[in-house]
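Could you have a look at this structure, given as structure tokens, before my questions?
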Amino acid sequence: MSILLAMIQTLLFIALAPLLAGWLKGCKCHLQNRKAPSLLQPYQDLLKLTHKQPVVSKDASWLFIIAPYIIFSATVIAISVIPLIAVDLPTAASADVIVLVGFLAFARFFLALAGLDVGTAFGGMGSSREMTISTMAEPAMLMAVFTLTMTASTTNLSLAIGHVLAEGLELRPSFIFALFALILVAVAETGRIPVDNPATHLELTMIHEAMILEYSGRHLALIEWASQLKLMLYGVLIANIFFPWGIAQTLSLPALGYGLLAILGKLAILALVLAISETLLAKMRLFRVQEFLSFAYLLGLLGMLSHIILEAAR
Amino acid sequence: MIPAYLLLLLPLLGIVYFGLLGHKEDVGRQNIRFNGVTLFLSLWLAVNVFNSGSLISAGDYFIVDSFNVYLIVLTAFVGFTTSIFSAPYMAHEQEIGKLTVNRLRLYYSMYQGFMFAMYLVLTTNNMGIMWVAMEAATLATVLLVSLYRTPESIEAAWKYFILCGVGIAQALFGTILLYYAAIQISDVDNALTWSVLYENAKLLDPEILEIAFVFMLIGYGTKIGLVPLHNWLPDAHSEGPTPMSAVLSGLLLNDALYAVVRNKMLVDGATDSHIAGYLMMGFGLLSFLVAAFFLHRQKDIKRLFSYSSIEHMGLMTFAFGIGTPFATFAALLHMTVHSLTKSAIFVTVGHAAQISGTQSIEKIRGLIKTQPQVGWGLLIGTLAIAGFPPFGVFASEFLVLLATMQSYPWLTPFLLLGIGIACAGLFRNVQPMVYGEKPEGQQAVQANLWPVMIHLAIVLWLGLAMPDFLADWFTQATILISGSAPL
Amino acid sequence: MEIENLDHYSQVILSLAALVTLTSFIMLAQGRLLRLVFVFALQGFMLVSATAIAAYSFDNPHLYISAAITLALKVLFIPWMLRRHILKLNMHRDVEALSNKTAIMMGGASLVVFSYYVLHPIMQNSSMILLNALSLSLAVILLGMLLMISHHQAIAHVVGFMSIENGLFFAATVSTNGMPMVVELGVAFDVLVAAVLFGIFFLHISSSIDSLDVDKMNRLNEVDQ
Amino acid sequence: MILFLAYAAVLFSFLSGLLALLMRQRCSVIKLVHYCCTKRLDWQQRLDSWLEQSIYPQRIQQLSFMLLGIAGVFAILAGLGGLISKQVIIAQLPLGLPWLPWHVRFDSLSALFYLIIGIAIFAVSWYGPGYVKDNNEQDHPFLVLGLFSGLFISGMLLVLLADDAFFFMIAWEMMSVASYFLVAFQHENSANRRAAFIYLIMAEVGAIAIILAFGVLASFSEGGAFTFEALRNATLSDTWASVAFVLALIGFGMKAGLVPLHVWLPEAHPVAPSHISALMSGVMLKVAVYGLIRFSFDLLGDIQWQWGVALMILGATSALGGILYAMMQPNLKRLLAYSSVENIGIIFMMLGLSMIFLAKGHPSLAALGFVAALFHAFNHALFKNLLFLGAGIIQHQVHSLNIDDMGGLIKRMPHTSKLFLIACMSISSLPLFNGFVSEWLAFQTALQVGVLDDAVLRSLIPVMAAALALTAALAAACFVKLFGVMFLGLPRSRHAAKAEETQDKGMLFSLSLLAGLCFLFGIFPGLMIDLLGNVAQPLIGHGLPNATAAGWLWLTPVAAEKASYSAPIVLLLVVIAGGISYHYLRRDPAVALRESDTWDCGFGGITPRMQYTCSAFTMPFRRIFAKVWMIDETIEKQPGAMPLQVTDIHYQLHIEDHSWPKLYQPIERSVNRIARSVSRMQTGNIRVYLSYSFFTLIFLLWVIS
């Protein structure tokens, strides 16, 4: 039963990710006084892409072709261990939060390699920048996540969220730090303003887009989908770790429905916040990103220290 | 006792023989034969001592105990293998016109003279004769140092002569003081006989003996090459013919140290102050460290290894100075392995110099490419002398360290510092010589490398597994010197 | 013990000791080689006299032999040989300019004091003559070294070296009535050989560097040029 | 039995070295063969033809490597036997000093490292024949290579067997010296000579420190004995124990390549033959780790938490420093060498963590950290061997080690590239591969910091965990660069364009074997971790009871509810997800691929020179961590050149390690300075020499009276 639920949850996650992207785009358009495309536009894009014939450079190797599948499935593994609508998730046991970070790294590894495969300057540039940013982001993310896992004394996300829920509403200074750290990391990792601009194709500012410049057709669809999944993944992480309320603690249908609604609501709000911030902020220069991320790291570290010193001191 | 007499007689004959017939063709081989027979005699002697303990000749003129018999065997052995090396070496020198027949005659005659002096130093029971023999060894070798008659070699020989002469004169003064102390307690005839003195050491006036020891140490220490009395040593080693350097380094220094240790035994018997030990430790450590630094600046390959001899003699002096059974054992072992290794190295060094026609380190290159055996011999010999296991030098250095750690732990860092610096100094010079491409015009020479292999094999063997009889032997010598067995 | 209480033998020995030391001082200050050799022979002669007197007063016949050897070697042979070399190498007109002669002499004087200082404590329970004789012979040895340090002619070095030997012999004779005969003979043999070798070396050196100035023999140094 | 296997491994590796000595002795071998089988003429003939003149050297090489392989098998068996049976076997060999025969001890710790070495040399034995086949016997004699390889390997194995300080040092130095010769093998290059010299000197200094460390222990042991048994029983004060520990740390750290003692490593590894660098990097460094574990956990006994802190900080410095230096290297093997520094740093961090927990009285967590360290050591041996061996193949084909000369090799060398990719993924600690598991364990250990009382430690350890995370991320970036620049893109040089896959099956087999093991232990880490628990048990006093408590599929180091990882299930999920997406998307044949030119922004003519190079890729890192290196960057523009005329711009980049000028050059300079002033003593003037003697005499007389 619970395994079935896990599968449903994962599928739901995969299915909802483009929707979140659509919603985010919609919000941004409204904020910027533009006419918004339909909420379902990302689905149409993906569908269109999957039916197009992919064009592959003749310099590309097999790695270029299988990379999208690897990236997509690694991202799927990562999302499959995050409780979305119900706390009790059996897959969470097989891969804890560190493995989750590991799979994100896995996906990135291949994405960066794929960027280098064709041998264009853009691809190399994108890979180099992507690896730089993620190198800085990864420790910050682990710091933030560790704050949670040390509080819950488990790295199993399902159990950790359960722990937060069971504790009830407690104001933990460490969580505040960790939350901000995670938000900063999420912004960086998903390539949003001010770190990267997902809408740009101006070579000097591209990061993510530079790497996937050569992709087309279904390959591009998979990569796009994976990056939408990643965006949602961070959203769900933030929403369910720091604001777990509403998530289904029992396996009854109403509870699950309620949980679905709750997560949709939370994600909608988060996306709105993101859209606002993207509207207000401008993209940073590349070499200011490190300051941004070291600030995230600092926040994560402070979160950890405040957990150790303020909350668990004996 | 007969082998001991024969041992002394044969080199004496050798002096005359080569003095008269040294111009013959196969003189090198004759020399090998002479030394081969002495080696055999020394082994015979060793067996005798091994079976029946210390031997003292009638009239107390000679003494052979476990301490000196092993040095005798060592001397005979190194003398023998060096003679094997020297035959083709000197023939080559003659071929290229560096030597005349007459000088070759002088060389072989004095080779035997030197061996005679060495055996006399080792076997005599009389401290005065020991001095005389020691001086005779200098006299025998001084002309060999200047054998090539280059300005440098004459300079070196002169320095060797004067410095060792003046140095050893001080040892004579020490001997006189010893004699003076001895005639206070015993009759005149036997007053310089070591075995008598040793038995009565407790009765000797400690203060006189201490002063006497200072003179002895300065005197014989000059021959050992203790810093700052060492200045003659690198000159003499580098300018003479290489077989001479091999025996000087491998034997003469040992025998001088032997003389010091004999005297130290007397002083230790007379006084409890351990002053002799402290002096030796001080000199030893100083030599060890200073020589290690000297190694870094050498331009001449033979000078390089003569400094390494100073370094090792320093270490032995230091170990004998500590004086515990352990340290003494280590020093004895070190004496053996150092002699063997160093003479092996000088053999390869000699060939290396012949290969490239120069002793200048900067010009010797690519030995392994030119003549692999010589190159590898030099490299492995250097490894052995630098104290890398599994060669015996490591074992003895390890024991010295151990002994130091037990008695004077704060001195161990200095020792280790010296070992490290010396190793660096050796290799920064040796490595460029053996490795790399060979320069133009460098050619292989005829060489007999059996001595090198045998020496290094023995050193390796000692490092891996010391045979029981040798261990017993060293232990007996240790008991003799320090009073008790190690462990 | 005052000197007037000593027997004549001791008085003579002490006087000779003083004279030997004096000759050492004279040598130390001497710049001309021929005179140096002459003074050296004189010192040898004092030594011979002391040995002979010791032999006579202790009735020790083997000391006569020792005296005879010394006479032959130190008074006759070696000075003769040195003189011949000096004349042959045309050095008899050379005057060695000693730098800072006064300081060297003062240094020599303090060496005498030092010898007493060193040997005094160990000789407390022996006779005064021994103390004096040994101290002076030590002083002679040290002065010999000082001579070698201060002079830079090879011949002067040989003289210094031999005068060290003189000091040793003096010490041996006076303090211990001579060493055992074998040793004496051995030492004498060594000295003889050494003297011969010195002669050979003079030739080699002068042919290789055109002089006997040891300061010019410094090819084998390791100082940065 | 197990000990017999262990001896056999030593013996066979030794024999393989001796066999190499026969390289030039064909005649005598033939004679011997004839003598041995006088009765069987047909055998004789067969052997004759087998040992024919032209192929004789190859036969010897093959035989020598075969013996090495047998040694490897024995070592693996002995290792497994020791690990499974948990026996402690003690013996003595009739060698050594008269009163100190060689003591031998084979316990589970030795067994583990035996296993590591065994696997490595087994792989190398398959790889070797193909690698040395084309060597010119005159210039690069196999005689030397084979002999010292054999000695090197038997030295390493003997280190693991040693049970007294003397034997240990002999074996240790045998390992160092033999590997010194191997580093100097291609000695016509000045880089080899320089590297060999530095290596030898540092090995010597390290050995000295180790001897001192043993000496400190021995002086507190009963009767100054040097057997490990006596050293174990030595009771010494905290201060002295710390002194001994610091000395051991310097000694073993020097061999292991801890920053700042690592400088020999990036010099020596690149210049040695590849299979030797594989052994040095993959295995010899582990022997140093073994030494430190043996010394501190076994001999010293009472671990102090300060040591752990020191190890963690040093380890973190090495890890970060190593990977950052590695990132900047354009030389493939140099990069790998620096990456070894990084991994050793990680291992030391984990050991430090273990020490802290042990000293603070949490043996089960200590065991966890310990197991993590050992497992990482094991993993590193696997993938670093793989990388170095791969590098050897590539060097053969491309004739260069410069990464910027490669490119596009994935198409020319498909097999090598795949195996290399696996290694890169393992070393970047990506999930599903073994590198990840050990790091995961390390994180799990670090996360248990809550049990400690000490607030300083509790805040320090998470910081270290973050450093570990940063290291892993940097490693990923570094190896993306490596793989990307080497294998992907367009060929950057003529040689790279013409490179071909190696034809030697043995070489590929050895790579595949290692890659397979990397994957196997990535998926089923439980296999190894159970065994590692047996190692921890006697040393820490606590095993890992829960590691696979939830079944063989699961890894639950602390407790199932605290953390769990099931690589098989994850793998299954990956396969499902990948399979579904692949299947779904590929089902329509109408949308098959279309090949076309790379998009060139409409300018036309993409050339290989437009690709991102090694230094271009790492430029952001160079900007961000600028202080870590000494960067010497010059851009020269030709006068009068057009502003955008790139051909007229000359760019030069030189990056150097700080430790060299800051630490070693001063030492070198001061030694030279002292030597210079000491040698002033040798003035050449005899009167000066006489005055030395004179004043020494006066001085001594004055002292004595």
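Labels for the chains are A, B, C and D, by order of writing; each one numbers its residues from 1.
The definition used in the following text is that a contact is a pair of C-beta atoms (placed from the backbone, for glycine too) under 8 Å apart; a residue touches a chain by one contact, two chains touch by 3 or more.
All figures in this text were calculated on a predicted structure; none of them were measured in a lab.
Novice: Need the central chain here, defined by C-alpha centroid distance to the all-chain C-alpha centroid.
Specialist: D
Novice: Cα centroid separation between chain A and chain B, in whole Å?
Specialist: 78
Novice: Indicate the whole-number Å distance between the mean C-alpha point of chain B and the mean C-alpha point of chain C.
Specialist: So the centroids are 31 Å from each other.
Novice: How many angstrom lie between the CA centroids of chain A and chain C, rounded to a whole number?
Specialist: Taking the mean C-alpha position of each chain, the two centres sit 100 Å apart.
Novice: Would you mind pulling out the distance in Å between where the CA atoms of chain B average out and where those of chain D do?
Specialist: The computed centroid separation for chain B versus chain D comes out at 43 Å.
Novice: Can you pull out the residues of chain D that are in contact with at least two other chains?
Specialist: Touching at least two other chains: 676, 679, 682, 686, 690, 693, 697, 701, 704-705.
Novice: If a residue has to touch 2 or more other chains to count, which residues of chain B qualify?
Specialist: If we look for residues of chain B contacting two or more partner chains, we find 158-159, 162, 166, 170, 211, 234, 294, 297.
Novice: So what shape is it, when you link every pair of chains that touch: line, ring, star, complete or other?
Specialist: Here the contact pattern is something else, fitting no line, ring, star or complete shape.
Novice: Across the complex, what residues on chain C touch chain D?
Specialist: The contact residues of chain C facing chain D are 114, 117-118, 121-122, 142, 145-146, 148-150, 152, 157, 214-215, 217-224.
Novice: Where on chain D does chain B make contact in their complex?
Specialist: By the definition above, chain D touches chain B via 94-99, 166, 169-170, 172-174, 176-177, 184, 187-188, 190, 192-193, 196-197, 200-201, 204-205, 208, 211-212, 215-216, 218-219, 223-224, 226, 671-672, 674-676, 678-679, 681-682, 686, 689-690, 692-693, 696-697, 700-701, 704-705.
Novice: Using the touch rule from the top, collect the residues of chain D that touch chain A in their complex.
Specialist: 407-408, 410-411, 421, 425, 428-432, 436, 440, 443-444, 447, 449-450, 453, 455, 458-459, 462-463, 465-467, 469-470, 472-474, 476-477, 480-481, 483-485, 487-490, 554, 560-566, 569-570, 573-574, 577-578, 581-582, 585, 588, 590-600, 606, 608, 610-612, 616-621, 623-624
Novice: With touch defined as at the start, can you tell me which chain B residues reach chain D in the complex?
Specialist: Per the touch definition, chain B meets chain D at residues 158-159, 162-163, 166-167, 170, 210-211, 214-215, 217-218, 222, 227-229, 231-232, 234, 275, 279, 290, 293-297, 368-369, 383, 386, 388-390, 394-395, 398-399, 401-402, 405-406, 409, 412-413, 416, 419-421, 423-425, 427-428, 431-432, 435-437, 463-466, 468, 471, 474-475, 486-487.
Novice: Please name which positions on chain B make contact with chain C in the complex.
Specialist: Listed in rising order, the residues of chain B that touch chain C are 126, 128-129, 131-133, 135-136, 139, 142-143, 146, 149-152, 154-159, 161-162, 165-166, 169-170, 172-173, 176, 179-180, 183, 188-189, 191-192, 205, 207-208, 211, 234-235, 238-239, 294, 297-298.
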